[in-house]
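Shared chain: chain A. Partners: chain B in the first complex, chain C in the second.
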Partner chain A sequence: MAQAIKSRNILGAIAALTVLLFGGWSGAVIGWLLGTGAAFIACQGKKITSAKTGIRLGVNAGLGLGIWILIASLVQGFLLLPTTGQSALGIIQVLTLGGAGLVVATLSGWLMGAAQGLGPRRQRITVAFLAVILITFPLIDQLADTNWTATVIQILIFALLALGLNIVVGYAGLLDLGYAAFFAIGAYTTGFLSSPQINLEWNFWLVIWIAAAVAAVAGVILGAPTLRLRGDYLAIVTLGFGEIVPVVFRNLTQIQIYEPISKIFASLLGQPKLAICLVGCDRPFNLTGGEAGINPIGRPALPLIGTFQSGKYLPWYYLVLLLVVLSVLMISRLRGSRLGRAWAAIREDELAASAMGINLVQTKLMAFAMGAFFAGFAGAFYGAYISAIFPSVFDFSVSVIVLCMVILGGLGNITGVLLGCVIIMAADRLYLPQLAQVLKSMLNTSVLPNVANPALRDFLATSVDPLQMRLFLFGLTLVVMMIVRPEGLVPNAERQAELQSPDEESLAEVRSL
Partner chain B sequence: MTMLELKDIHTYYGNIHALKGISLRVEPGEVVTLLGSNGAGKTTILRSIQGLLRPRQGTIRFENKALEILPAQAIVRLGISQSPEGRLIFPRMTVKENLEMGAFSRRDTLGIKTDTERALTLFPRLRERINQKGGTLSGGEQQMLAIARALMARPRLLLLDEPSMGLAPMLVTQIFSIIQDINNQGTTILLVEQNARMALTVAHRGYVLQTGQIVLTGTAKDLQSNEIVRKAYLGET
Partner chain C sequence: MKRWQNAIFYLVIVYLVLLLGPVAGLDIPRIITEIAQSPASLVQQLLVGLVNGAIIAIIALGYTLVYGIIELINFAHGDLFMLGAFMSLTVVGAFGIQDGASLQASGLAMLVSLVLSAGVCAGLNVLTERYAYRPLRNASRLAPLISAIGVSFIFINLGLFWGGLRSFFPIMGANAASPKSFPDLLPRIDILEALGIESNIEFTTKDLIVLVVAVVLMVGLQLFVQYTRLGKAMRATAQNREAAKIMGINVDQIIALTFLIGGALAGAAGLLVGLYNNTVVFTMGFTAGLRAFTAAVLGGIGNIIGAMLGGILIGVLSALSDQYLSSRWTNAWVFAVLVLILVFRPGGLLGENVQEKV
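Our next item is the complex of A and B:
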């Protein structure tokens, strides 16, 4: 019970923050999303015998959330807007917006609660709810004019990455610090195969599979030399790999390849003209475009919809959603499979796993390949979506952020990893920029004019910028997480047992005496 | 036909010459024990047989197949499995999952089911703990789990590495009586032990190792009455 109240208050605070920052109809949208979520959490771990009990719990949760939204709407409309230089809203408008949030949150809670009361079909209904939310989200987003779809697409791209890394780190226990390399390889493969760079304009639907396959092969190539390494040593090698790949892409701008035997003869005879040139003879060949990258990259096209446009998010959203759903299905199948059990065994104890008859080489290489495969997917989509790629996009920070998502959410647990991804990306790409904007206008209208000291004014104007504190906030979150809940938000049951049950262990010892 | 035969095995850890020409054999149905103090090379012999370490020289034959060229997973499939030193169970898997991992090399679902039942009958303690995580078991229970897990591969030759290590005397007796049962049910056993007294009560034959070499061999009875063994390993004066 205490847990439910706690999570309701956390969700309420998030909803309130959303309303404060974004204003407008965002209260209704977030009420819809979190109201459903809050009702779901409230029903977790409870025996729900009839739809009635479910509805009571759901409405309770939704209403609690709605009250947060209503209060936040009042604060935002009457107090916050004037301090940021906009005119306050009328009482009717504020009550409409806040009331809509309240009603939507309660209704969502009611619906979810009723669904949870359906007994044995509970799980399927929950999945159906999630599907409806994901499918209708961009439409609702357009209706409410919140403009979150573009960010959600980015979140989903990173979800693909996090799911892939979860195979390597969460399932097989191989710490990979250079995961962005596979993202880069997928993106650049797409770049080569469907851009004017080397005059190939292959179809995106083919290229995305090739990109994933090329990334998987790269995974094996990285995996092969690291087979004997464990723990820290493996991490360092993968780190190196992650650094090398973007540098290679940055520098493959002047390629000239000679046939090697004739080249040796030519240099021996002192007659360079004898060397037979294969590639880039007249002019060194520019493969990757260096720092400027590859641009433009071909976009996917479908009958009826035509070629996907850059400003029209709907087709992109559904495409990446489809990729994520496919990946989740594949990866959740993997976990219980023979391969998945072999991964679990080598994560626990390599020597014992080997003694059980598990092929270490094959199992580890498969982990790297499968992990890289999904990064290849993400890279291909990303390249086509942005329609341009640069080496600087794929630097170390991407690897670290994805790793953080996996750890924050809960190593080895798909739900947890997705949740970690949504939290980190939403905070980073949605809330933080908006917070920066709101703070800035607040400073300009309400604070700075009242500060007499010019030095202090300068200091305030330059230093109050949450975007600059991005990495700091990020690090702080991780430190707090590791202290409060080291197993992640939604932990994998095995890891939770390891990290949180010293009492059980000592009990067993006592019993054996 | 001899079941397992090692001929002049030399195994190294880097530059350290751990096994200096080991030759031994195990006949079908036997319990053979390897005795010796710490660092004599007992565990190294088992790891060399199982393919976890590669001997630099010498041949290992199991039912006339050369083992020294096979990878570990193929050796398990031939019918050799091991309860490793220090138990090395999977701590975050349940007892049941640990047993399932033991049968990783097999695909006959029905046979795995019967063997799980057999293992749980041998070790009733494990049945009580079937859904408990391996890491939360007591030392004795972990040892039972390690042996049961090795049995799940349905081995014809079972390698046991220090099954009595760190256990209370009463448990040691229990474990050894189970080892006897396993052998009576038809599994050949190669047993590495420091507790020479217990080992010689269940073994048919034994080898005594010192710094990587076999210094003495004979039937269990001979070894029990041997002067050197009595002094060095049975603690008698």
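Our next item is the complex of A and C:
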């Protein structure tokens, strides 16, 4: 019971924060999303005999959330807006917005609660609910004028990355700190094959598979030297690769290759013209565009929709959603397969696994290849979506952010990883920028005019910027998660036992599994 | 038969290097002609590499000490060094010293900033150990590593924030993220010229001072670890923590002491880099940290002499690569060295290869 109340308050606080920051109809949208979620959580671990009990729990949860939203709407409309330099809203407007949030949250809770009361079909219904939410989200988003779809597309791109990294780190237990390299390889493959800059413009639907395959091959190539290394050395070598790959992409701007034997003869004979030139003979070949990157990159096209446009998010959203759903299906099937069980075995104990006849080389390489495959997917989609790629996008912090998602959500658990991805990306790309904006206007209108000390004033104006705190927050997440809850928010039972100190209790837990 | 196969394999590798190397600056004929044309610039690069390598070695000592005692790659160490450089910059700025100040004034400023930045870094490192690593000492091996990556990000962000405090420290300049220029405090007298030797090689008192300070720190550390009671306790703890505990050594204190020493060295290195390269930026910890870690691994991680040797080798390698390959590729070459050592000789040059125990 205490747990349920705690999670309800957390959801309520998130909803209230959303309303405070975004205002407008965001209360209704977040009420819809979190109301459904709150009702689902409220019904977890309870015996729900009839739809009635489910509805009671769901409405309770939804109503609790709605009250948070209503109060936040009042605060936002009457108190917050004036301090940021906008005029306060009228009482009717505030009540409409807040009331809409309350009603929507309660209704969503009611619906979800009722669905949870359906007995054995409970799980299928939950998935159907999730599907409906995901499919209608961009439409509702447009209706409510919250403009979250662009961010959600980015969240889904990172969801692909997190799912892939989860194979390497979560399933096979190989800590990969250079995962962004495969993302870069996927993106650059797409760039090479479908950009007028290189004079190749292949169809996106073909290129995305090639990119994923190239990334998988790169996974094998980069994974092969690391096979003999254990734990932390492996992490450092992958980190080295993760640093080398962007450097290579950054610097492949002047390629001119001569056949070496002919070149040596030519220089011995003193006639450099005899050397056979292979690439970039007239002038050095510019493969990657250096810091400026590859731009533009071809976009996907479909018969009825035509070429995807940059400002129109709907087709992009459904495409990346499809990719994520496909990946989730593939990965959850992989997990239970022979290969998936082999990964679990080498993660638990490499020596024992090899003694049981598992081919370590093959299994580890498959983990790298599969993990890189999904990063290649993500890279190809990213390249086409942004329509330009730069080497600076793929630096170490991307690898760490994705690792952060996997660890926050729960190593080796697909639901957890997706949850971690949504939390981190939403905080990073949605809430932090908006918070920065609100704080800035608040400082400019209410605080700065009242500060007399010029040094303090300059400090407030330049250093109070939540966007500058991103790395701090990621770092803090990693440290706190490692100390407080190393198994993540939604733990995987085996992994949990492994990460906690090996006392008798948890060993018994593992044995009973 | 086997030998033929091997020979063909190596020939193919050589061919590939000759074919693809020039793209990354590894054009062997060109390098040979360049060296033949101007041997002095080779010596010059070796000297630059030696001084830079000495600084890298000091940072590498922090990695190697910590790894030797608790087998943790202290990922945050490079960024701690960056914070040390910021601390020195702040102190020098607070003294209000500009380029070409009198020797006494700048000497005092350097001494105070050495003490303060070493002290602050040592304190930070001990706090980090206490709150981010000690709770994880019995957890799985990867947990403290991940925690260290987190600490590293926190430090980087701290550096960014610090660099933005222009309202309190004017020396930080207008932009938080941009490189800050560190006043050129060390005297710059060409030693060879002062001795009356004509040459194209420049070796100034600035290089000499940095080199001497670095060597003094390293020798001091080696003497401390070899000949004092505490050093003995450190070695005992590194060898076998349980046995050391039984012998009455306060293991927690010894580990904290190790972090204290490593942190102080990082702070000192921060000051030295500021004085030598005259620029400080919040991202410099990452690259420097990786170079230093590479140095520690190259020499054999856990081995103090090895870290010094590795640091100098990496410094020389980077300097040569800057000159003869291409400075754009230097980082890639350093990482390539790291990968090659870890793959082919994980024990490093002076370390032993440890067999995995069941």
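Following the convention adopted for this analysis, the second predicted complex is superposed on the first by the 498 of 513 C-alpha atoms of A that agree within 3 Å, B and C clash if a C-alpha of one lies under 4 Å from a C-alpha of the other, contacts with A are read in each partner's own complex, and residues count from 1 in each chain.
The criterion applied here is as follows: a residue touches a chain if its C-beta (ideal position, glycine included) is under 8 Å from a C-beta of that chain, and two chains touch if they have at least 3 such contacts.
The structure displayed is predicted, hence computed values, not measured ones.
Looking at the overlay, what does A:L95 touch: chain B (first), chain C (second), both, or neither?
neither
Does the superposition put A:V220 against chain B (first), chain C (second), both, or neither?
Neither: A:V220 stays clear of chain B and chain C.
Does chain B (first) or chain C (second) touch A:T477, or do both, or does neither?
Touch partner of A:T477: chain C, not chain B.
Which partner does A:L63 contact after superposing on A: first (chain B), second (chain C), both, neither?
Neither partner.
See if chain A has more residues touched by chain B or by chain C, and give me that chain.
Higher number of touched chain A residues: C.
Have a look at where A:L351 lands relative to chain B and chain C in the superposition and call it first, second, both or neither.
Both partners, chain B and chain C.
Quick check on the superposed pair: does A:L435 touch chain B, chain C, both, or neither? Answer first, second, both or neither.
neither
Quick one: classify A:R230 as touching chain B (first), chain C (second), both or neither.
Once the two structures are laid over each other on A, A:R230 reaches chain C alone.
Residue overlap on chain A between the chain B contact set and the chain C contact set?
Comparing the two interfaces on chain A, one with chain B and one with chain C, the shared residues are 351, 498, 501.
Enumerate the contact residues on chain B facing chain A in the complex.
Against chain A, the touching part of chain B is residues 50, 52, 71-73, 75-77, 81-82, 84, 88-93, 97, 100-102, 104-105, 132-133, 135-141, 149, 153.
Give the list of chain A residues in touch with chain B in this complex.
These residues of chain A touch chain B: 338, 341-342, 344-345, 348-349, 351-360, 494-495, 497-498, 501, 504-505, 507-509, 511-512.
Any idea which chain A residues touch chain C in the complex?
Chain A reaches chain C through residues 175, 177, 225-226, 228-233, 235-237, 239-241, 243-244, 247-248, 250-252, 255-261, 263-264, 267, 351, 396-397, 400, 403, 407, 454-459, 462-463, 468-472, 474-479, 482-483, 486, 498-501.
Report the residues of chain C in contact with chain A in the complex, numbered from low to high.
It comes out as residues 15, 18-20, 22-24, 29, 71-73, 132, 135-136, 138-147, 149-158, 160-161, 164-168, 176, 286, 290, 293, 297, 326, 328-329, 331-332, 335-336, 338-339, 342-343, 346, 356, 358.
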